[in-house]
Amino acid sequence: MGNPAVTTNRGGGSVSLSGISRRYGASQVVSDVNLEARSGEILALLGPSGCGKTTTLRMIAGLVQPTSGEISIDGKPVTTLPVHRRNLGMLFQNYALFPHMTVLENVAFGLSMRGTPKAEMAHRVKQALALTHLTGFEDRMPAALSGGQQQRVALARAIVYQPKVLLLDEPFGALDKKLREAMQIELRQLCNKLGLTTILVTHDQEEALVLADQIAVMRGGRIEQVASAREVYERPASHFVADFIGTSNFIPSAVLESRNGMTTLAGLSGNVFTSSMTTNLGAGEKAIVAVRPESIRLTPGEPSGGETNTISGNVLRTVFKGQSLSVWLDVPGLEFVCALPIEAIGATPPEPGTRWTANWSAERTLIVREQ
Amino acid sequence: MGNPAVTTNRGGGSVSLSGISRRYGASQVVSDVNLEARSGEILALLGPSGCGKTTTLRMIAGLVQPTSGEISIDGKPVTTLPVHRRNLGMLFQNYALFPHMTVLENVAFGLSMRGTPKAEMAHRVKQALALTHLTGFEDRMPAALSGGQQQRVALARAIVYQPKVLLLDEPFGALDKKLREAMQIELRQLCNKLGLTTILVTHDQEEALVLADQIAVMRGGRIEQVASAREVYERPASHFVADFIGTSNFIPSAVLESRNGMTTLAGLSGNVFTSSMTTNLGAGEKAIVAVRPESIRLTPGEPSGGETNTISGNVLRTVFKGQSLSVWLDVPGLEFVCALPIEAIGATPPEPGTRWTANWSAERTLIVREQ
Amino acid sequence: GFVRNGFAAGKEIHVGIWGGSQGEFVKKEIIPAFEKDFNCKVTAEEGFTLANVGKMRATKDNPKFSVMFIDDVAIPICKAEDLIDQLPKGDMPALANLYDKFAFGGWGSALAISVASMFHNTAVSPPASYADLWKPEYAGKLKLVSPKNTPSVFFLIVAASIKSGKPFAEAQYLIDDSFDKVAELKPNIMNLFDNGPQAANEVAQGQADIGLLELSKYIYPYTAKGAPVTMSFPKEGSFAGNNCQVLVKGGPNRDVAVAFMNRMLEPKVQKAFSEYALTAPPVSGIEFSADTLKYIAYPLSEMDKRGLFTPDWEFINAKRSAWTEKMNGIFAV
Amino acid sequence: MERTIPFETPRESEEVMAAGPVAGRFSRPAEMFWTAFSSTRHTGLFLVAPALLFLAIWFLWPVLSMIVSSFSSHSVDGVMVEGITFENYTRLFSSDLYFRILMRTVRIALLTSLCAMVFAYPLAIAIARGGPSLARLVTITILAPLLVNVVVRSYGWQTILNKAGAFAWILKQVGITSPPVLLYTEWAVLIACVHVYLPFMVMPLAAAIGRIDRTVEEAARVAGATRLKVFIRIVFPLSLPGLAVGASLVFSLSSAAYVTPQILGGNFSPLLGTLIEQQILTLNDWPFGAAISTLLIVMVLTVNLVFLNAVNRRFARWTESAR
Amino acid sequence: MTETVSPAIRIVVAIILLMVVAPLVVPLLMSISDTAFIVFPPQGFTLKWYAAVLANPEARGSFLFSLELAAIVTTVSLVLGIPCAAGLTRFKVPGQDIMLGIILSPLIVPLIVTGIALLQFFSMMNFRATLLQLVIGHTVVCLPYVIRSVSASFVLANRNLEDAAAVLGAPPHVVATRIVWPQVRPGILAGGVFCFIVSFDDYPISMWLADGNHFPIPLYLYTVIERSFDPSIAAIASLMIFFALLLVLVIERVFGINLARLAS
């Protein structure tokens, strides 16, 4: 009993949101969101907890109606298209597994909705379970699965019928790093192979960077920046994005001059910064210099003097983070944090109380607007 | 109407598990687990999805009865102590918020069970909500919260009454990195201040490293290693632990000799490795040399020859990960992965197809047993 | 004969009968024989008097029943509400033997007469007069029929008679002034019952000493089966409970209905019917064995000797509602 | 308030509901049918209509004409009289008899609901949370009384509650020598009502309790709640939808009870239902019986609506914003 | 999940069940009494009352008719009631409160009143089909049970799952059958069971509408009780209890519905 209108397909559909808003009672949860996920690409929605990511996904799926705005898939408006006709795959943040069906039945559900023949169904389900490392769990009920296993069932259920558009709400949140990375690779390959358009909600910046062709950073229901992973990382459009995309050091400054693709700024405490980022800020205007902890090199003692892009202070504390050592310097007005790669730590690692100087290159000096 | 046996306290209770096992039907889910969380310390349970972490926590809480073994809190066996008398705080993996209570009522629940006076209750709830960045959400119902907000309510509910022992099942899984880090710091401080004993299930190695005094790595229901964060990282007890704690490169080797705290090994393709790890393996015995991606420096071209701890190959692919660039080298028998700190990338970043040599120090050369 | 009764062939009538052993007999014996003789169909529906009246009333515009069995109490109501017709004397030869007092002015006929009186457990000796029941020794030992049932009216007449010292025939008009007497009996009442057979059963089991009042047709079947319960007839007299049949106005197949009613009164039928249900026939000239005569008051002379009293239903029906309200006021609050 | 709807997908705002016909083609008649009817604002009406129409024709109409007849009167000899009169209602309220019986009806119905609730919780928990055999045992056992004729059942109670019955015997064993007389009192009526109407409380409650997420209860236990507290703070409020159904069924049914009060109450404690039966079957006073019925209907409807509203409002609070 | 019903609750349940069963055991015991009238405690032992009841064609006929009637009524009530419950709980229907009031009112109106009102109505319409009258009459009083109990389970069903199914491509009717149905089934089952039992046990409606050819078992029982209060009525009562047990088994076997999981 297939539904001929809903078939599996090998090309993803582009998704576009224009002017989408959603209110719950008095609170505006999503405001005027414009987004475009091109066919076959992975778009990551990134943003702090409660910023409206899930709500946006649910609007694309048709589970929540936008209070205003228009959503189209493959150029066709879908606002009035019922959910089941949109041919989407979706992984829900809370999984929403069918508690009365086995793992196998859960995963097979979408296929049986599409009238997939028995044999093909069995084959595809098997594939999806293998992909999500769930072989052997076919006959379990969801209640007898661990959290991570449930999440993987939800993923298998969403991808098994190769929908036009895949909506993933924190698909790997409950998985350990190894498994997550393995699944990220599988997902990436799957998307490439089938050209699935994927919209991925994640709070894991690294995941977004690794998986996504485009990243949309949301904040309080609005889009702050949409750009390629690298661009978001290297040219954050705002203080917020820079902050969100990786703990950064923000130094309030003022522009001294900007020319030849180089900008010179003065920090409040007299330090001078040069940046290879161009800016349309004029001389004297306020700006914020942002430096990523991992862009920083640390040398013991005071700066030699006259150098730009240096700042020094006493070590407040250090934290070992496996790949790196985080060091906090006590700099007037801020705690300046540096992430030293383990390999870059010399014979005398920074100890609390000792004085160190941080320096970084002009390429790593970001200029963001004040908010 | 307080329960006099259950009072808030300022010192954590030690938790000890001896020979704990749990079976579900035919499958042994937890096997002979011995663990000791000392008063006031944070113990992280780390392990792949489905390895029995949640089950172990539930046994400590008394929600699941061990099929065998003994659990004590503060030296007293609790196997027969009813759940509500154990004075624990627990954050459930699926949050388990009370759907009919507001955020405020959810958080206040544990306090009201302890007969806390109104005024103090209000104060404490306020504090807990502030700590979890939920001020302003007091009157929301859980169903009207985002995933991350729900998780934070669950955390606030677990800590608000300052239990003897805190059991946290992936407490920050739904939070973005910034918020997660902020909450980690808050939790750390809270635990220190109150001396709470905390058992934390996490799949985030970095979280375990940052937060935990001890890390217990579980695998298939068994404990593989229990040690300090640093030791687990630097001296993984097994291939599995090394693998799980951070993607590593594993080179099958044989011991050549081991003396003066230095071990020399021969890789299968002739490379020689030296390690500052001592081992009780004798000459000729098989071992695995493990190298963490971030321990590696890359230089273009072939090795200069005669050096130990080098390996070279053509670049297979590179992935930009924000803080670092992952580079896969095509080495006979394995894909050798290196994580280059952005800052360490010279003028010519590794491009696929070019030849590079990886090298690392003897301090970063781990030796693990074959499995 | 086929020829004689050909008019009925293939026709169907609905007859509302009673439940109980009488209904059982009508259904099992009388109807099949009638159907055979007349080649017609008689559908019997069991009910009880007031429900049967209710059915007639509810279907007045479109009658479904042709013959209805009801108690004499309801005949005036049916007449007043224009629910029934007078019996066509000419078409019912069996009416000839009917005692006049059971003809109800032609608006129906009795089918069976039972006696309503006190019943008691055989282990106790019943008082010779109803007046004794008011004595404290009976505290909590009496079961009284509920106002829902017809014999409740008999009890009111008894109470009026005890209070006034007048015979039933006069006392029935004094009920309005006798409720203080009724109220005085309350301490002696264990409960008000509405299922006679069940009450008889409880008395038989000794849960109460005496029940008042009930029709013999509900009690004697137990006595006959050996249960330790029987009836007694205090000196003030007893009451007649008259089960009757009426012809529904405008009911279908009136000719068959009339034939059926006639059949009910034929001597052969009446004898068997009475023996089965232990009731007295309303027609003259039927012979009974001595055993049967123990349980019934027959013939008419015997009924008169026992002082079988039939109340003035027209008067009583008009008052019944007010009296019930008063009974409720005494017992139900 | 977000409404979620199972059978249709575009939902929530009325603008969307009104957005007009669905775009797209229909591939199958079945789908066309469902989709067509799921996208109009009349879907709810469409679903409700058959049952509503059925009840309107076969229940409302007849019963309303019955209520209308409560404004006619009947002459002293039982004959119906045409015309409008309020005499039945005047009569109803002029004597305190009917008011007292109304109050008793309310009291018994409330007590029955309350007792049924108290007994129902353990039973419902056993059904919802016990093993299959326990659940089956409880279900069958509590349904059994419904299949036993009311007279037979009452007879069973009489045998237990009478002076020499099992109840007195048990009390005697415990040392209570003068057991309270229960038979032919309101207590007996209450006991018998709870007995038969219990399943109407248990089943909806069991369904509601079965839906409660176990981890939510566990969370409360861990937070220091005793089993009793878990019940009071978690299970009870979350089972309210089931309780509302059960309570409204039991209250309505026991309000209209009329056989039990007669038999086990010994007719000493009739409820309104008994009076109605009396008027209609014994006294042929159909209009007055209709008036008492109207009073009963108004009373039960009021209590039900007030109660249901309270519960529903509370319940709506935690589902309205649910997704 | 491993913690089941606590011992304290088990004990309380056992006590309550004993209290529920006690008054039913009395007729059971009476039914084997070798006396021509009901006595308690029973005297002697006989199964003749059972034999008598089972051999009685009237009893059998009434029983079978009641069974048939209850089955039809249950079917009709479910067909009308399930969509209605869905509509009331999941859609905004104008005048929802009033509708709920209407739907509940058959529970409230005394059944004898409903019965006679219906009889009057049928007569007025010159509507003669007795079986149909009975079906209508019973459905009127059974429908509220179905709607009440089914709508409660609709309210409690997890709508997230419906969302998930819709996204997976399930059209509304499939969501209804594959996702909603398993969740509301306990409520439907409970409603159906009540419906069946209420119809099977109904006296006050049938009293007005039945006729000799369509004579449900409760009416028959009444005639038997009026005839004689002998152990055969206890035997009938006992048989009905056994029948209930059988019914449950049949439901479980034939329909594959685990009654024990009614509430899960």
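Order of writing sets the labels: A, B, C, D and E. Residues in every chain begin at 1.
In this text, contacts are C-beta pairs under 8 Å (C-beta built on N, C-alpha and C of every residue); 3 or more make two chains touch, one makes a residue touch a chain.
Values in this document were obtained by computation on a predicted structure and should not be read as measured data.
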Quiz item: Where the centre means the average of the CA atoms, what chain is farthest from subunit A?
Solution: C
Quiz item: Which pair wins on C-beta contacts, D-E or C-E?
Solution: D-E
Quiz item: Of all chains present, which has the mean Cα position farthest from that of subunit B?
Solution: C
Quiz item: Nearest 5 degrees, what's the C-alpha rotation angle taking subunit A to subunit B?
Solution: 180
Quiz item: Where the centre of all protein Cα atoms falls, which chain's Cα centre is nearest to that point?
Solution: D
Practice problem: Please compute the C-alpha centroid of subunit A, do the same for subunit B, then give the distance between them in whole Å. | Solution: 22
Exercise. Could you tell me the distance, in whole angstrom, between the mean C-alpha positions of subunit C and subunit D?
Key: 39
Self-check item: Separation of mean Cα positions, subunit C and subunit B [Å, integer]
Solution: 91
Quiz item: Taking each chain's centre as the mean of its CA atoms, how far is subunit A from subunit E in angstrom?
Solution: 57
Quiz prompt | Per-residue multi-chain contacts in subunit E, two or more chains | solution = 1, 38, 40, 116, 120, 160, 163, 166, 171-172, 175, 179, 222, 225
Self-check item: Numbers and ranges of subunit A residues touching at least 2 other chains
Solution: 3, 24, 58, 62-63, 82-85, 94
Practice problem: Would you give the residues of subunit D that are in contact with at least 2 other chains, written as numbers and ranges? | Solution: 8-9, 31, 35, 38, 151, 155, 227, 277, 280-281, 286, 319, 321-323
Quiz item: Tell me, which parts of subunit E touch subunit C in their complex?
Solution: 36-40, 116, 119-120, 123-124, 126, 128, 207-208, 210-213, 215, 219, 222-223, 225-230
Quiz item: Touching subunit D in the complex: which residues of subunit C?
Solution: 50-51, 53-54, 57, 76-77, 80-81, 146-149, 190-195, 198, 202, 207, 314, 317-321, 324-325, 328-329, 331-333
Exercise. Can you check the complex and tell me which residues of subunit D touch subunit C?
Key: 76-80, 95, 97, 100-101, 151, 155, 158, 162-163, 183-184, 262-263, 266-270, 275, 277-286, 288
Practice problem: Enumerate the contact residues on subunit D facing subunit B in the complex. | Solution: 213, 215-216, 218-227, 229, 233-234, 237-238, 317-319, 321-323
Exercise. Report the residues of subunit B in contact with subunit D in the complex, numbered from low to high.
Key: 3, 6, 61-63, 82-84, 86-90, 92, 94, 96-101, 109-110, 113-114, 141-144, 157-158, 161, 167
